[in-house]
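Chain naming follows the written order as A, B and C, and within any one chain the residues start at number 1.
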Amino acid sequence: MATTVLPDLTDTSALYLSVQQFYARHMHLLDSGRAREWAGTFTPDGTFTAPGLDAPVRGRAALAAAVEQTHARLAASGETHRHWHGMVWVTPGPDGTAHVKCYGMVIAVDPAGTPRLHRHCLCEDVLTPAPAEPEGWLVASRHVTPDAAPTP
Amino acid sequence: MATTVLPDLTDTSALYLSVQQFYARHMHLLDSGRAREWAGTFTPDGTFTAPGLDAPVRGRAALAAAVEQTHARLAASGETHRHWHGMVWVTPGPDGTAHVKCYGMVIAVDPAGTPRLHRHCLCEDVLTPAPAEPEGWLVASRHVTPDAAPTP
Amino acid sequence: MATTVLPDLTDTSALYLSVQQFYARHMHLLDSGRAREWAGTFTPDGTFTAPGLDAPVRGRAALAAAVEQTHARLAASGETHRHWHGMVWVTPGPDGTAHVKCYGMVIAVDPAGTPRLHRHCLCEDVLTPAPAEPEGWLVASRHVTPDAAPTP
């Protein structure tokens, strides 16, 4: 078996790929209501910050509780939410972290199966290397900024 | 030319990349009405299963016929359909297959150019290695579950 | 450190990855109004062609001016536009270029934060290798075809 020679494929590319895989699993866990597994994709003291919150949600127990609450509310309303990440722009940090800026789209599907665009936001994550994890990453912090007005 | 050393880039990543390429071509073939070429991205006895069907659609001739029928109906209505796959979660199977769980979104564009979200579904594929194919894969089976009610 | 052996990972895959990274940055620049930086992701004589235009927009100054104009109009209306690329199908050209066929989706978010699908199009780019650029590419030409009627 010959050794592969890849002049264009840098460590940044491998980083980018593993981040994509990480988000795919992360969103399937979130949207299927596997709240504790989803919370386990954050660091133990990982934070979730959004404008509507009084303070960041911090730590896996609090993150899981927030998702369980949302999922119960959706189940009662008969709606399904699906989260998509797109235009995932990854920048390697100096300390082995990955800084991600991406778009987040929430699609809501009503009980009759009709989907609608529910929310669009900018999502900024700091990912920490975690070699024991399936894709090698955990979310250390997430800042979500819902789109409402153009950047000044 | 130096040999590239990529400690983080595993066979799983290469798998993931080729699957992404495969779906990109697959969807362009589907949406542009190249029904037989699209059916050729399934194995000869590949299956397509969805809740609305009495039985799975099986084999390339049947798959192509189904797409030709849909495309003719859309052409008559003046609508265009565009399929997006997202949050593509790939798990390597023990037998060289790739198990994919992803979201599928259908965007319908009316004759005036106004798009709307038409359908959102969960798509579960088993891909079989096919070294002679452009990206190295064929769909052995697809299960589509339209979103309608939250996961219990 | 062992040498990585990747039988499935071809130069095409590395190409595909760097193109994805390129578009992620490209769209964040566009949507945040960084018009001149966005225009800098085209070659100096890069072109943008779309059905509504009398002639292709050519060159970085003209490209930046067009984006500044759009961004000012959006700011006045209170709307935010977000561009997503998806189903990015990359074919390596014989001369080192990359030929890309992908879907483009524009999501418009009104001042109250309600998103809607604004446009869907087919985007065909020729990318030129540019080793000095962050991802190694510049857009030589872009052809945008808004979806309105099915392919005949």
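Points worth noting:
In this section, a contact is a pair of C-beta atoms (placed from the backbone, for glycine too) under 8 Å apart; a residue touches a chain by one contact, two chains touch by 3 or more.
Quick caveat, the model's predicted, so the values are computed rather than measured.
A rotation of 120 degrees, rounded to the nearest 5, superposes the Cα atoms of subunit B on subunit C. Where subunit A touches subunit B, under half of the residue numbers in use are shared by the two copies, so each contributes mostly different positions.
With centres set at the average Cα position, the gap from subunit A to subunit B is 23 Å.
Residue positions 3-4, 6, 9, 13, 17, 86, 117 of subunit B are each in touch with at least two other chains. Residues of subunit A touching subunit C in their complex: 1-4, 6, 8-9, 12-13, 16-17, 86-90, 101-103, 105, 117-120, 146-152. Remark: subunit B residues 3-7, 9, 11, 13-15, 17-18, 20-21, 23-25, 27-28, 32-33, 71, 74-75, 78-80, 82-86, 107, 109, 111-113, 115-117, 136 touch subunit C in the complex.
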